[in-house]
Structure formats: C-alpha cells, structure tokens
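Same chain, two partners: chain A is paired with chain B first, then with chain C.
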Partner chain A sequence: MRIDQIKTGAVLVVKPMDKRIDASSATAFKAKIADLIQGGEKRIVLNLSEVDFIDSTGLGAIVSSLKAMGGEGDLVICNPRETVMSLFRLTRMNRVFQILPSEEEAVASLSKT
Partner chain B sequence: MESLSKQDVSISIRVDSRLDQVHMVGYAVHGICSQLGLGDIVVYQIELAVVEAVNNAIKHAYGSVAGHPVEVVISVNEKRLQFEICDEGETLHFLQKKTDLEFDPRNKTNLPEGGMGLHIIAQVMDDVSYFVRDGRNCLVLCKCLSK
Partner chain C sequence: MDQPLNNTKTGLATSILWHLKYSLGKDIAKATKRDYFEPLCMTVRDHLIAGMIETERRYVQEDRKRVYYLSMEFLIGRSLGNNLLNLQLYEAFQDALAEQGLDIEELREEERDAPLGNGGLGRLAACFLDSMATLGIAGFGYGLHYEYGLFKQEIEDGYQKEKPDFWPSRQDPWEIERADEACVVPLYGRIEHGIDRQGLYNPMWLDWQVIVGVPYDMPIVGYGGTTVNYLRLYAARASSEFSTEIFNDGDYFRAVEEKIAAETVSKVLYPADTFAAGRELRLIQEYFLVACAVRDVVRRYLRTHTTFDAFSEKTAMQMNDTHPALTVVELMRLFVDEYELPWERAWELTVGTLGYTNHTLLSEALEKWPVSLLEKVLPRHLQIIYEINRRLLEEVKHRWPGDLDRMRRMSLIEEGPEKKVRMAHLAITGSHAVNGVSALHSELIKKALVPDFHELWPERFSNKTNGITPRRWLLKANPLLAGLITRTIGADWITDLDCLRGLEPYAVDPVFQQEFMDVKKKNKETLREVVFATTGIVIDADTLFDVQAKRIHEYKRQLLKILYIIHEYLLMTEDGLTPLIPRTHIFAGKAAPGYWQAKQIIKLINSLGDVINNDRRVGNMMKVVFIPDYRVSLAEKIIPAADLSEQISTAGTEASGTGNMKFSLNGALTIGTLDGANIEIMEEVGEENIHIFGLKIAEVEKYKQSGSYDPWEWYHHHDVIGRVMDTFRDDRFSPREPGLFRWVFDRILNEGDYYFHLPDFLHYIESQGQVDRDYQDQSLWARKAILNVARMGKFSSDRTIREYGRDIWGVI
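== the complex of A and B ==
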C-alpha cells in the first residue's frame, strides 16, 4: 500500500496512491494509519482522490483508524469520487465521517479544532 | 427465476481462494457492466456487491485458506444481470438471513468494522438467493436492467 503524507501545521494529510483499498490491502492500510496515530498524529485528513474502489473491508479499516484515535482527535475525509462516496452512503458511514470536497477545506476544518 | 434466452451471454471466471485475486473479478464485472450503459455509480455498486460475495466465499467458506476454487458466472440478457458465485467450502447459512446494519453514528466506539458486506449486497441487488447443489455453495445475485 503506497501512501503519500504531507504535514500542514498540526494536520497530517494522508493520500493512498493505490487505486483500491480492498480486502487484500486493508490490513496494510490499517497498520500504516495505526502507526501514524501511535506516533502522535491526531488530526488526519484522508485524501481519497486517487482511490477508485473501496470495499467493506477497506471501509472497515478506515473506521478502525477513526476508532484508534480514541476520541482524542479526528479523521476527516476529502476528495472521494462519487462512486466511492456511494459506499459511504450505502453503509451510512457518511453520517459518521466529515467528508469534504477538497483537501484545503479538510485541513482548514481540522486546523480549527 | 427466469430461464435465459438464446441471446444471453454467459461468462465464467474462476479464481483461487486468495484475496489478492478478487480484483480480477472486480475488473471483469466492471467492464461488462460498463458496456451495458449503466451509470458509473451503479457499475461501481454492482462490482462492489460481487467483490463482497467473493470475499465472503474466501474468508468464510474457505477460512482464508488459498488453493480452492471460486467460480463467478456472469449472465446477462436484456432484462437482467445475474452473478452466480460458487465455492466448494463450508456452507454459509447466514447468507440466507436478512441483515440490517444498525449503529449509532455518534457513538464512535461501537461503529462496525465488519459485517457490512451482506448489507451492501442486499442494498445493491434486486434479488439474492443461496443454495447448495452437488457439494457447491452458490450465491446468486440478480440486478434487473429493465425498470
């Protein structure tokens, strides 16, 4: 799982560069985000602009990442494709995550907290 | 279930019970659905439902053990798309039950990390059935094309 990272102030932007977050890659994705959280990152933007496909296992890894923060920070999602967004709607996870159309808005949102 | 006419197209894909092969099924489903003129979101959701079904076969029927066959038969006619996902592993009786995905979105500690696949399949597909025949478990997913 290839993931780009950019730190903007107190916010870490994480951008998966693989096209799919699915059952074969979800474990690696989850472990990578868990490492970042354990390293002290508590404000994370997950930029999904490069991701074409997420299945329920991949979504579960994203949920797990949010839960791993233990209520001390937040994980905001940005730039999902409409197709990927439909997965969040199908599972009602769009009511759990703050999902914003651009990275700038997501960083600004987390910078306020 | 309707029988398929002579003009039906049927394609069979067989993969090993490894999660790193499931994307090949996904690409095939995506390609076929795209050719039918379905919208991007519908194509994505159908691919998603079939991928969830294949993941279930690998994870639960075979316990994530590689070396076993999963066959996906895709049939299409002017009225419907049908996907038959078959394995020779353990019969999964829970596939015959309806599943609801109930959770409180404000309670982050209790958010589900799994168990969403069947809910997705039920949401996306118009008809879902599961049967065992000659030692093979088959999950059949149908999507109506003429509404």
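== the complex of A and C ==
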C-alpha cells in the first residue's frame, strides 16, 4: 500500500494513496500506522482524500490504530469522500473519530492539543 | 434531441424497423415475424421512458409526496398489452404492424410472464401500481429482481413437477438498469461496545460483509399515459472489494464462489405462501429489499430537502405484509446511527412514514424470526429491536400496570425454548396505520389476531378492501366484453368502475343478454383451445364452466369441490341419475413444492379426470380438467371464460381473495362461503345473484372452541358423505395404486378435518343444485351474470388506492 507522509510541526499527516483500504491492504496499513505510533508519533492526521472505499476490515484497521495510541494523543480523519463518510456513519465510527473537512483544519485541531 | 415521439402509424412503423436494425442488428430483409417482438417492445418503451422523465420533472416541480410500496412480490405477468392499452396506442401499433404484415396479437404471445410472485399478495401489488399511476399518485413499487421467479408447473403422471422459470431469460425489454444508483448493503458482523467522543455508549457495527444492490426500473404507465411511475427491482451483486483479497491470493475459484454467494440473494423467489422459518437466505432477502429501498428513499428525499423535518410529510412507505417489516428498524438505524437524530424524533418520523398491511391470520404464515439468526445476520438491528421493545413495554406497563400477561402477549420478543421476534408486532408498533384487506379480515385482526394492540392504538387500525385493476382484468383480459360494455354505456368505466352500474337496465334486455352470452361463449371457445393444447382433453363450450383457479391449499378447499365432483359422478354411475346440466370442472393453480397434501390434491384432480373423462356412462355430462402452470397470462384466458367461480374457503381463513373479484367482473356467478371479500361481493351484487353456503365464522369458532365437531358423526349420519368418503378408502380413483388417496380419508375423518369440509358439504351440494337450476334458465343466468358485472365498481383497485391515499398516505 502506498502511503504519503508529511510532518507539520508535531503533527504527522498520513495519506493513503490507494483507492481502497480493504482486506488486501488493511494489514499492511495497520502495521504501518503501528510502526509510526511506536516510533513516537502521537498526533496523526489520516487524510482519506484519495480513498474511494474502505471495507469493514479497513475500518477495523483504523479503529485498531486509534486503540494502539492507548489514549495518548489523537488520530483525526480529514477529507473523506462521501462514500467513505457514509461507511463511517453506518458503523458509528464517526462518533469515535474527529472528522474534519480539510487537512488544514485537522492539523490545526491537533496542533492545539 | 428532445423531439416528441411520433405516434402516427408511419412513425411507429419507422421506429420499430429502426430498433430492429440498430438496436438488435438484424437485417430487415431477413427478419422473421418473431424478430419483431423486441423492436416492438423497444418502441413502446421509448414512449414509456418519455412519459417517465416528464412525470419525474412534474413531481420534482410540485414537490410531491411520494409513496413507496415495498413488497417481496410483484406478480406483473405480461406488460406489452397492458402498456399499449394504457398508453392508448393499441390501435396505432396494430395498424403499424399490419402494414408490415404482422399481427399484434401473435406478437403479444411471444412475451413471457414476469413471475415475480406467488399469488394474491403479489398480484395485488401489481394492480396497485397500475392504479397509483392511473390516479396520478407519485407511487413506486420496490421489490427484488429475482432471476428465478415462481417455478413453472408441469404435470407428469398427474403430479406437479416444478421446473425453474428463469426470468428474464433474455434482457427484459421493459427494464432499465440504473447501475449509477446502486447501493451497498452490509450484513453479518459484530457489535463493538465502545464510547464516543462525548463519553456516551457507542455500539459500532464492525466486520460486516457487503453486497451491492443494483436497481432495475420497470416503467408503470397509468391509463391515458399522463403518469408513468416505475417499479424498482433490486438485483444483488457481489461488491468488487468482496473478493479482492482472495483474487490476490490467487484463489480464483473461491473468489467466484463468494461472488455467486452474494448474488444468490436475489436468485430465487421463495415458492411458498407460508413463512419460511429459519431460512437465513429469506431473512437476508427481506433485509436486502428493505436496506436498498430505505437508502434510495432517503437519498431521493435529501435531493430536495436539507433536513428531515418534512420527511413524513413528503414520504409514505407501505409494507405489504410483514416481509418488509425490518423497514421499521432500518429507518430507525439510519436516522439514529447515520444521521444522529435523537431516538424520539427518529421514532416520530418512522411511525409517521410507515403503514402496514396485514394479509393473513393463518398462524403458520405469521413471520417470527429467531433472535439468534437476527443476531448473526443483523446484530445492530437486533439491538434496535430490543430498544423498541423496551419502550413499547414501558408504554404497556404505564397503561396497564401489573398486567404481566398482556406484556408477554404484546412483546416483540416471543419467549420460549427459542426466542423469536414477532414481525407483525414490530410492523404494528412502527406504523401509524395498520390495515386488513377485507371488512371481515380487518375485524378479525382487531378482535382475534392482535386485540391488545387494537386496545392500545385503536386509531391505527382500519380496513382497505382489496381491489383489482379493471384495465388488466377487463379491458385487456376480456376485450370482447370490454367492447360490448363500451359500446353500450361508453368508456368511462375504464377509470371509474362505478359507471358499470349503467349496465343494470340492460340486464333484462334480451338483445343485450344474447350479446353478453355470445361473448361468454366465444371466451369459452378460446379456453377450450387452451385446454386442448395443454392437456389434450376435449371440452364442450356449451357446458357450464365451473372454475376453481388459485393456489392449491387445504384452506381454499379444492377438496370440497372434489367431494362434490365425486358425489355427482356417483349419482350418475351408481344411481343412474342424469344431472340437470352438463358441467366442465376446471382447476388451475400451483402447490408450494414442500406442501405434500397440496401436491397430492393436484394428483387427485388428475386421477379423477382420468376416471371420469373416460367413463362412457358420464359422456359429455361431466369433464374434469387441470390446466397446468397457472399464471397471470393464463388467468387472463380462464377468468373471462368462467360461468361459475368457486370461492369456497373455510370461513375465517381467506383474508380477502381477489380472484373472486376478477371472476365476477367478467360475468361469472360466485358460489362461495361467507369469507374474505365474498361477503362484500354479496352485499354489492345482491344475495339473489350469488350462491352463498356454509358455516359462518362464528359457527366455525364455536365448533373449534367447544371441540364438538366430530367428522365421524357426519360420516355415519349422512349416507351421501359416507359414500363419497369411502371412495378414498376403497381406491376408486387409484385402482392401480392402492392406498394412494387414503390420506384424504384419514385427513378428514381421523385427523379432525381442520378445514370443516364435511359440515359444509351438504350445504354445498344444495347450493350447486340451485346453480344447476339457474343455469337451465339462460335468460335468468344472463341477468344475474350481467348484474354481477354491473355491481363490481367497489372492487376496482382505484377505489382501494384512493382509500389508502386518503386515509394512510395523505396524498389525496
């Protein structure tokens, strides 16, 4: 899975570049985020602007990533497309994650904390 | 591009030829007659599409309230003839085809029935679509795009054999695929109990699998062509991400298997009219329909609204039986989970939107899904059902403190070794309107089926007596009679069936009577050809055609008619008596594949026919035929030809019936019990124009409650009964297969005769005797038959839909 990373101050923006996060890529995605967290990244923005579809395994990987933070720091999601947003709503994951419309807002939100 | 379509003879012919060449790639010079069927449909479809687009523009412009009719079944039958008549282009197309040397009626026979239903419930849904479009209501059907509709029935050695009916075998000429409006439906998975960012309980539905619902729209044109609504049928498709991982692992076959599994959801219509308990696939089918429909309805609403404030003012959803009862839960899930509405507001919108039509009192047909199955397939929905139930029981407790029995009776959850969700209770709780389908049935719902709910919410309950569309069941099915009526009283009856009252003065006019009977005779001759072509049996159009055509079920009592046939046969062969009039006993209907007794009844009818039709002592005085593969297009040939309509269910078992209405509208007299809509038919046509017999519902109930009915008593006290029953014991109709029909003897005498054949039998014989006497006097018979037609106005589905529209949907 191709993932772009940009560090803005204390905040790391992670941007999956594949169209889908699904059973075939979720494990790699989860491992990558786990590595980042273990490497000390505690403020992560997940930019989903390139993603068309996330299946239930992919959504599970995102939940696991939040859990892996162990309550220290935060993972904020930004720029989801409507198809992806509807899946967050379906699972009620939108109530667990802060979801913001733009990367700037997400970075600003995490920068405050 | 937006040119109006050319309705002239030349314009239509040009369009047909254009489609033949460019849509189908056929060389016109080499085209056969059959090659013209699809181009003809495509040309008609052009007109439907033009009307559909125009209708939708109008609805959006007027911000019309939309009605969505959710049904697991839509028994459409053929569409070409109906579409041509409703577009009022039949003659124009007839002329256009004639110029090419083609007969429109021959081409119409090329069309296959869309068999997307079992019987009355599905046909009712189809009639309602026709009426909604004719009345200009923004009403749309939502159902499933089954690949295999109801099975094709073949008769082998007298037995029903079920053969798959693949529909559509070719691309259906009427439907339009709307891949761009496909939706994703989640299934299975688990609930992860967590907390949200506010620290509140937040159940997350995770690990689900998805299937994709792809809609296909079938245009539904109202009479006159002004309104073209649609029937939206969802096909299940595998979601592409479903199999990505497996494909990547290189296991191509597993990927294909999973794709097939997903697409199984809309593969086949369940062929039973009873509840398929424990069938996971059926539950998934029901949810698939509901999930696709709810997403589509909400999406459509949000195109023109930014909040849900006006949702129930602009949307009505009708649940045709409990099959789509999960709509209650899915709407709540959508409002609460996805749109974050407070529970109370979501509930208000849900109840304000939904209506529920009950179709049965038979306990075996009432849906109850095991909690364990729901937990597996729809874990989040089960949580919501529990919450709805908790609030319901709070309300019950508040109203009747300490009445634990009542709480147990009303709970959505039936306790027992296996907990089950009572879908009828769910549907009633989540709807602002609950209706039965005949006056008697609606009373029984209130008094016997769910009296506690009626006591809690009396304002929700009402009756909406079923109806049939006169366009399909008279104008199209019986063009000769329709023509005679129109020539006599004008064409207003087509959209206002009460106008048929104008025929009453003609009921005593000898000239009209003769014309009427001539039409009947011609229809009987047509049916005679069908009978010969399908069974090889020669019948006589000068005999009385005594018809029982409907699903084969013990409660509908095909056995009662069989007892009567045997009685008459014994009178002729043992007592040497000659009947007053010759009769042809005609049966048609399918039995659920798993219903042993029903399938044996078909065998019994065919065995009776083998014996009776070949007995020289009987000669032409009696024939017994079973016409195979009863379906809408066959009904359109049988019903116009019937003299006598058998509607003889045990009182209290038939919710309404609509076959009874179709026969009567086509000039058959009814012999029937005081059951379902027969009662209202009697009220309309007059007691003197219908043959009513048998136990009333109170008498049946009294027998049941007191346990005083002993079939053996009837057997011993009435020689007539004993003699008929003994034929089953003595293998009279299965001489080469001893014991074959012994089960009838046992079922009625040793197993209690659950459907009360014997107490009704003697009355039935008497009533049939009166039929004989009436039929002897052809002028009297004609008068009664004409009065039946003239007084059928109430049973137009236009009247039914007006009542739904006014009382339940708020669109009239």
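One rule holds for everything that comes next: the second predicted complex is superposed on the first by the 113 of 113 C-alpha atoms of A that agree within 3 Å, B and C clash if a C-alpha of one lies under 4 Å from a C-alpha of the other, contacts with A are read in each partner's own complex, and residues count from 1 in each chain.
Keep in mind that, in the parts below, a contact is a pair of C-beta atoms (placed from the backbone, for glycine too) under 8 Å apart; a residue touches a chain by one contact, two chains touch by 3 or more.
Predicted, not measured: the structure shown is a model, and the values here were computed from it.
Contacts of A:Asp55 after superposition on the shared chain: both chain B and chain C are touched.
Of the two partner chains, both chain B and chain C are touched by A:Ser86. Looking at the shared chain after the overlay, A:Ala23 reaches both chain B and chain C.
Once chain A of one complex is fitted onto chain A of the other, the partner contacts of A:Gln98 are limited to chain C, with no touch recorded for chain B.
Of the two partner chains, neither chain B nor chain C is touched by A:Ser109.
Residues 20, 22-24, 53, 55-57, 59-60, 63, 86-87, 90-93, 95-96 of chain A lie in contact with chain B in one complex and with chain C in the other.
Note for the complex: chain A touches chain C at residues 20, 22-24, 53, 55-57, 59-60, 63, 86-87, 89-93, 95-98. Within the complex formed with chain A, the chain C residues making contact are 184, 186, 189, 192, 194, 196-198, 202-210, 239, 241-242, 244-245, 248, 337-340.
Contacts from chain B toward chain A in the complex involve residues 18-20, 22-23, 26, 40-41, 43-45, 47-48, 51-52, 55, 58-59, 101, 103, 105, 108-109, 111-114, 116-117, 119-120, 123-124. By the touch rule above, chain A contacts chain B in their complex via residues 20, 22-24, 53, 55-57, 59-61, 63-64, 66-67, 71, 82-84, 86-87, 90-93, 95-96.
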